[in-house]
Amino acid sequence: MSRAALLLCQVLVAVVVLALWQVFTTVPLFGRILLPPFFFSNPIDVFSQIINWFASGVIWKHLAITLWESILAFVIGSALGILVGFWFARQPRVAAVFDPYVKMTNALPRVVLAPIFALWFGLGIWSKVALGVTLVFFIVFFNVYQGVKEVSTTVLDNGRMLGMSERQLMRHVYWPSALSWMFSSLHTSVGFAVVGAVVGEYLGAAAGLGYLIQQAEGVFDVAGVFAGMFVLSAFVILIDMAVTVVERRLLVWRPAAAREA
Amino acid sequence: MNQAMDKAKPTAVALEDATVAFRLADARVYTAVERARLAVAHGEFVAIVGPTGCGKSTLLNVAAGLLKPAAGAVTIFDQPLAGLNRDAGYLFQADALFPWKTAIDNVAIGLEIKGTPRQKALEQAQAWLTSVGLGAFANRYPHMLSGGQRKRVGLAQVLIRDPKILLMDEPFGPLDAQTRQVMGNLLLELWTADRKAVLFVTHDLEEAIALADRVVIMSAGPSSRIIGDWRVELPRPRDIFEVRLDKQFHELHREIWGVLKEEVMKGYAQSTQAGGTN
Amino acid sequence: AAQSKVTIAVGGGACLCYLPTVLAKQLGEYEKAGLAVELVDLKGGSDALKAVLGGSADVVSGYFDHCVNLAAKRQELQAFVVYDRYPGLVLVVSPKHTGEINSIKDLAGKKVGVSAPGSSTDFFLKYLLKKNGLDPASAAVIGVGLGATSVAAMEQGQIDAAVMLDPSVTVLQGSHPDLKILSDTRTQHDTLAVFGGEYPGGALYSTAAWVKSHEKETQALTNAILATLAWIHTHSAEDIMAKMPEAMVGKNKELYLAALKNTIPMYSETGKMDPKGADAVLAVFSEGSPEVAKANIDVSKTYTNSFVEQAKKTTGTGSK
Amino acid sequence: MSRAALLLCQVLVAVVVLALWQVFTTVPLFGRILLPPFFFSNPIDVFSQIINWFASGVIWKHLAITLWESILAFVIGSALGILVGFWFARQPRVAAVFDPYVKMTNALPRVVLAPIFALWFGLGIWSKVALGVTLVFFIVFFNVYQGVKEVSTTVLDNGRMLGMSERQLMRHVYWPSALSWMFSSLHTSVGFAVVGAVVGEYLGAAAGLGYLIQQAEGVFDVAGVFAGMFVLSAFVILIDMAVTVVERRLLVWRPAAAREA
Amino acid sequence: MNQAMDKAKPTAVALEDATVAFRLADARVYTAVERARLAVAHGEFVAIVGPTGCGKSTLLNVAAGLLKPAAGAVTIFDQPLAGLNRDAGYLFQADALFPWKTAIDNVAIGLEIKGTPRQKALEQAQAWLTSVGLGAFANRYPHMLSGGQRKRVGLAQVLIRDPKILLMDEPFGPLDAQTRQVMGNLLLELWTADRKAVLFVTHDLEEAIALADRVVIMSAGPSSRIIGDWRVELPRPRDIFEVRLDKQFHELHREIWGVLKEEVMKGYAQSTQAGGTN
C-alpha cells in the first residue's frame, strides 16, 4: 500500500467514525438516540470547541503544561524503568528479593496516592509528573527486564568469550538485544504518560488540559470534555512518531519485515 | 596409537577426568562426556574428531569455562579454571555474530573491548576481513551474509584478538573445499608465527591430520570417552593440500579411520535404540 | 408488601452533607416506607447525576444546584426533598497565610482552592468575590479536591485559601484552632448574610419524568428522609454517630463528632425548599456561568414541595 | 540462593521498610516528623485495621468483588489484547490504518470516561471491569503485536515450507514464539487490572475495596486507605503467582536462564 | 561438460534466466545470482556445488518461492510459481527447528499439518527419528541437542512429509563422514523408492557426484552464474561409499574439481577487494 493510499484509508476511518458519531447523537434510530448527546456531545460541537480554543489561544498554555508534564513523565519513567530493568535482569538475586514488592507497588491505585504526591511534590507540575512516572515506569520496567533475559545464549556467550566486561556486555549485547522490547513498551507508555499527567491535573491543578476537561465536566459541557481528549490524543500521535523515528534509527540492523505470503 | 604428552612445554589446557552431565527435563541425567583426560601443551595444535553428538562441543565449552564439569578438574596454564577462560578465543559451532553490528564492527569489537581506539580497530578489522575473503562485505549486517560468510566473519572476530588458546568448533564446516584450504593455511600461518594452543573440532579427518600435531578421537555418546590420541609427525611447515600426498598421511588416516568408523557405527546403533538414555 | 427497588446515587457518601440519606438507611426508614434502597457512592455530585441521567441509578442524593445548572442544558431535574438548609461551604484561609488575608477582598490575585473547577465550590467562590465587589476572575482557581489533597495544600500553604466542606474544615480546625474563616455557610448567620435566605444544599432529586412516573416511590423516599430529619433533631450527635456505619465514621471518632456537631444545624427541619433559596442558587450560577445566565431558567420547575406537604398531611412528621 | 534464604531476604526487606515507616511517622527526626501520620498513618495502625477487617469479616465481601472485577478485567483485557495483537500483526494493512487510532485511544484518560462506562455498563461490576479492560488491553496488545512480529524468519519460513496454513502458523509458530512477550505484558497488566477495578470503584460503587478506600479517605482515615491498598497488593501477588505457574508450564522448552558468570 | 536436459520426464523445477538482487542498506543493489537457467526433471537428483557465498541458498530460496527473482521466471511442474512452492520440502541451511517442540514433535508436525491423527504422526515420527539415528532423543528440545543432531531432526522433519520436490541446503554439513554416508544412503533409498526431484546443495564434491544424476557448478559471486552442468553416468543403485572406488567417479571428480578450483580462487580474489560491490 502506498503512503497516499494508506493516508486515504486512515482519513476514511476517521470520517466514518465521525459520521457515525454525528448520526447516532442526533438522529433517533429505532425510536431512540443511540448515543445521548448529553454524554457524547457531537463531532460538530466538539470541533467548534477545539477551533474556538485554538482561535482564542487559551489552549496553548494548558496544552504546553500538559505536554511538558507528559514528556517529563515519559522520559523519567522510561529512564528509571530501563535502569531498574537492566539492574534487576543482571542481578538475579536483587530481582528475586524485590520481585514481589515491585509487583505489589504496581498494583497500587495511583489515584489514591494523589494526596501523597501533592504533599511531596506540591500542586505544580511535579505531582503530575510523579503520577505519570508511576505508570510509565512499570510498563517499561517489566519489558526491559524480560528483554534482557531473552538475549540469545549463544550471542551472549560469544560476548563473554570475547572478554567483555559487564559494562561492555550491557552496551554491546544486552542493550541492542533488549531494544525491540524496550520500544514496544515505549509505544504503550507514551499513552500512559499522558494519562498520568491528565489524571494528575484532574485531581488537583491550576492549569493543563486535565484542568480544562474537569472544568468542562463541572458545567456538564461534554463537548469541552471530548475536545480536550481529542487535542490530547492528537499530540500523543506526535510524541509517538518521535519515538518511532528513534526506533527506526536504532533498529536498522533488523531484517526487513517477514516476506509476504 | 601413541599416547602423547609433551612434558617440556607448559600445559595450556588440561582436562583431568572431566565428566559432563546434563539434567534432562524429567530429572534424569544424561552423561555426555565421561572422565575426559586431555592436555594441550602451549603451542600445540590438537584436533578433536568424533561421531556426531559425542560431546566435542561440550568439551570445548568446558575448556572455555562456559560449562562446569560435574566431576574432574580443568586447569588453564596450570591454574584451576574458575569462571570463564579469559585466555581463550572461542569460535562457536552455532551462529554467534552480533546481529546488530555490521561485519566490520563484529570483527572490530574484539579489539575495542581491549581499549584499542575505534579507528585503529576498524583498520585492523578490515585487514582481517580481507584475509578471510570478505573485504568487500564490511558493511553488511549478518543477516545479509551467506552461511559460509558468517562463519568467516566469526573466524576473523576470534583471530583478531590474538588469544593464547584457540577453541574452534567446526570452523570450516560451511565452506567449500577450496576456501577451507585457504582458511586452513591462514590458520596454520598464524599459529606458526605465534604459537598458540589450538583445540580444533572437525568432522573432516583429513583436515584434522593435515592441520594438527595431535588428533584425538572420541567415542560415541552417551558417556563418551577419549579413545584415541595420535601424534601427527608430518614435518612443519605444511601446506594443507600438499601434505595429503604424503605417504605417512595416508597411513595415519587409514589407522584413525578404522577406529573412527567402528565407533560411529557403534554410536549409531546405540542412539537408535528407542527408550535408551533418552 | 412487595418493596420497590430504588437506587440512589450519592455524590460522595463520606461528606457529612449527605448524612441523612445514609442515616435513613441505617435507621431502616426506607424499609418502613416500603422501599428497597441501594446506595451507590460516586466520586462527586456530577457523577451521581450522570448515573441517573444514564439510567443506571434512579435518584440523586446531591447538591440541588445541579438541577439549576442542568436546566440550562434542557435537562429537567426536579428536587423533591431538601435535607440541607445551608450549603455548608466554608471559605477558609490557609494557616500559612493567615496574616495576609483578612477579608474576601484580600483574595484578589491569590490562589484559591476549590474542589474542582466548575464545581459548586468554584461557583460559590465566584459569587462571593462578585458580592464583595471583585472581579470573579480575580483569584486564581486551583482544583484541589475535597479530601486529603485539599488539607495538604492548605497545611503547606500551597494555596492561600480554599472553599472546603466538612469534615475537612473540622480537620483543619483541629490542628489550627485559630483557623481563619472568611465565610461559613454551615451557620445560619453566614448563610443568610451571603444568600439572603436559606440556601438549599443536599437534596434528593431525579429527572422530572421519573418523579412523575414514580410518585409512590418519590413519596416514600420523602417520608423516609423526613422521618430521618426528625430523628436527627431529636437525638444527640453521639446517638447519630452510633447509628452510622463504622467505615464512614472512621477511627478518629472525636474528629467525626466535632464535624458532626458543626454540621447538625445545617440539616433541614422541614425538608422543604425555600423558594428564596432556589432563586439564590440561580443567582450564584448566573454569576459564574454565562450559559446559565442566558438560559432563562424557570427555577420553580426544578423543585417541588408537594411531596413534603403531602407527607406532612398524612403522617405529621417533619413539621416541628 | 536457596528458597529459605530468599524468603528470609524478602521478609527482611519488608521488616526494614515497615520499621522505617514506623519510625518516620512517630519519631521526630531533625525536629520534625518526616512522614506526617495524617498522610501516612503508621504500620501498626494499618495492620490493626487489616486484622480488624479480617477478624470482623467485613472485608471478604469487598475483597471478593474487587478480585472478581480484577480477574474479569484481566482475562477479558488480555484475551482482547492477544486477539487484536495477533490480528494486527498478521494484517499489516489493517494495522497500518488503525495504528494511529489505537495509540490515540490509549492516551484517553480513563477516569474521564468513567461516566460513559457507567452509562453503558451500569454501576455494578461491569463498569469497573470495563475500566480495567481499557488498561490491560493496551499493555497486552502492544506486546503481543510486537512479539508476533519478532518471530525468527528462519523458523517462520520453515513453518510455511512445511505447508502450514495461516491458522497452523498461528498455533505452531506465532503463538509459542510470542509467548514470552505476552507473559511479560501479563505481569505488568495484573497490577493494572486491579488498579482499574479499584479506580472504578473509587469513582462510584456500592462495594469493593475501592469503595472501602474511598470511605476511609472521606473521613481522613489514612490507616484504612493504606490497609485497603495492602490487602489489594497482597492479592495481586497471588494472581501473579498463578500467571507465573502457567508461564512456567508453557515455556518449559526454554533453555534454563543464562549460566552465571 | 555435457549440458543435460531430459525432455522425456516432466520438469519439476525450472528456473528461467532467474536473476536475484538484494537491496543493500545504502540503496545500492547486490546482484547475487544472474540469469540462472536450471531445469530439474521429475525424479532427477541435482547437486549444486559452488564457492561459499555464490548464491546456492539463494537459488533454493527462489525455487521454494521464498524469494522472488528480480527478473526471470520460476515454474514448478510447468506452472508458473506464485507464492510458496507447496510441492517442495526445504531443509534450511540454518537451524530452523521449532525450539518449543521436542524432537519428536518437530518431526511429527509435518504430518499433523496434513491432518494425520496425532498418535499416528508420533509413531511415524519415532520411526523417522530412529532412521536418522536419534531414536533415543525423541523428547529433547532442540537446545538440548548437538549441532549434528539438530540437523538430522530437520532432515526427518522434511522427509516425513514425503514432498515431491526436495530442496536441501548442506543437509549433511555438520555430520561426521561416517554418518554422512549413512544419511546419504538413506536419502538415496527413499529417492529410489519414490522418485522425487532433488536439489541438493553441498560443499563436498565427492558427495555430490556420489549422490546426484547431475552436478551443477556455480561461479563465484557477485552476479553468480551457472557455469557447468555435468551428468553423472554412474550406475544405480549406488552405494555411496563404494561408488567412490569407481574409475569414472574419479575422472568426473578431477574434471569438475578443475573448474571449481579455478572458480573459487577467482571468487576469493574478487570478494577480497575492499570497496567492491559491497
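We just call them A, B, C, D and E in the order they show up, numbering each chain from 1.
Just so it is clear, a residue touches a chain if its C-beta (ideal position, glycine included) is under 8 Å from a C-beta of that chain, and two chains touch if they have at least 3 such contacts.
What you see is a predicted model, and the numbers here were worked out from it, not measured in a lab.
Novice: Using the contact definition stated above, find the chains touching both subunit C and subunit D.
Specialist: Output, common partners of subunit C and subunit D: A.
Novice: Which is the least count of steps on a path of touching chains running from subunit D to subunit E?
Specialist: 1
Novice: Looking at A-B and A-C, which pair shares more C-beta contacts?
Specialist: If we tally the contacting C-beta pairs, A-C comes out ahead.
Novice: So the centre of each chain is just the mean of its C-alpha atoms; given that, what is the distance between subunit A and subunit D in Å?
Specialist: Taking the mean C-alpha position of each chain, the two centres sit 17 Å apart.
Novice: Using the average of all C-alpha atoms in each chain as its centre, how far is it in Å between subunit A and subunit E?
Specialist: 49
Novice: Distance-wise, how many Å sit between the C-alpha centres of subunit B and subunit C, to the nearest whole number?
Specialist: 84
Novice: Could you list which residues of subunit C touch at least two other chains?
Specialist: 50, 54, 147-148, 151-152
Novice: Indicate the residues of subunit E shared as contacts by at least two other chains.
Specialist: In subunit E, residues 25, 66, 84, 94-95, 141, 143 touch at least two other chains, as defined above.
Novice: Which residues belonging to subunit A are in contact with no fewer than two other chains?
Specialist: If we look for residues of subunit A contacting two or more partner chains, we find 36, 39, 115, 119, 153, 160, 202, 217, 255, 261.
Novice: Which residues of subunit A touch subunit B once you look at their complex with the stated criterion?
Specialist: Within the complex, subunit A touches subunit B at residues 154-155, 157-165, 168, 172-173, 176-177, 179, 253-255.
Novice: For a test of understanding, state which residues of subunit E touch subunit D in their complex under the given definition.
Specialist: Touching subunit D: residues 64, 66, 84-86, 88-90, 92, 94-102, 109-110, 113-114, 141, 143, 157, 161 of subunit E.
Novice: Going by the contact rule set out above, which residues of subunit A touch subunit C in the complex?
Specialist: So the residues of subunit A touching subunit C come out as 36, 38-39, 114-115, 118-119, 122-123, 201-206, 211, 214-220.
Novice: Once bound in the complex, which stretches of subunit D touch subunit A?
Specialist: Spelled out, the residues of subunit D in touch with subunit A are 1, 6, 9-10, 13-14, 36, 39-40, 92-93, 96-98, 100-101, 103-112, 115-116, 119, 138-139, 142-143, 145-147, 149-151, 153, 156, 160, 166, 180-181, 183-185, 187-188, 190-192, 194-195, 198-199, 202, 210, 213, 217, 225, 229, 232-234, 236-237, 240, 255, 257-258, 261.
Novice: Inside the complex, what are the residues of subunit C that reach subunit D?
Specialist: 7, 9, 12-15, 38-43, 47-48, 50-51, 54-57, 147-148, 151-152, 167-168, 171, 247-252, 255-256
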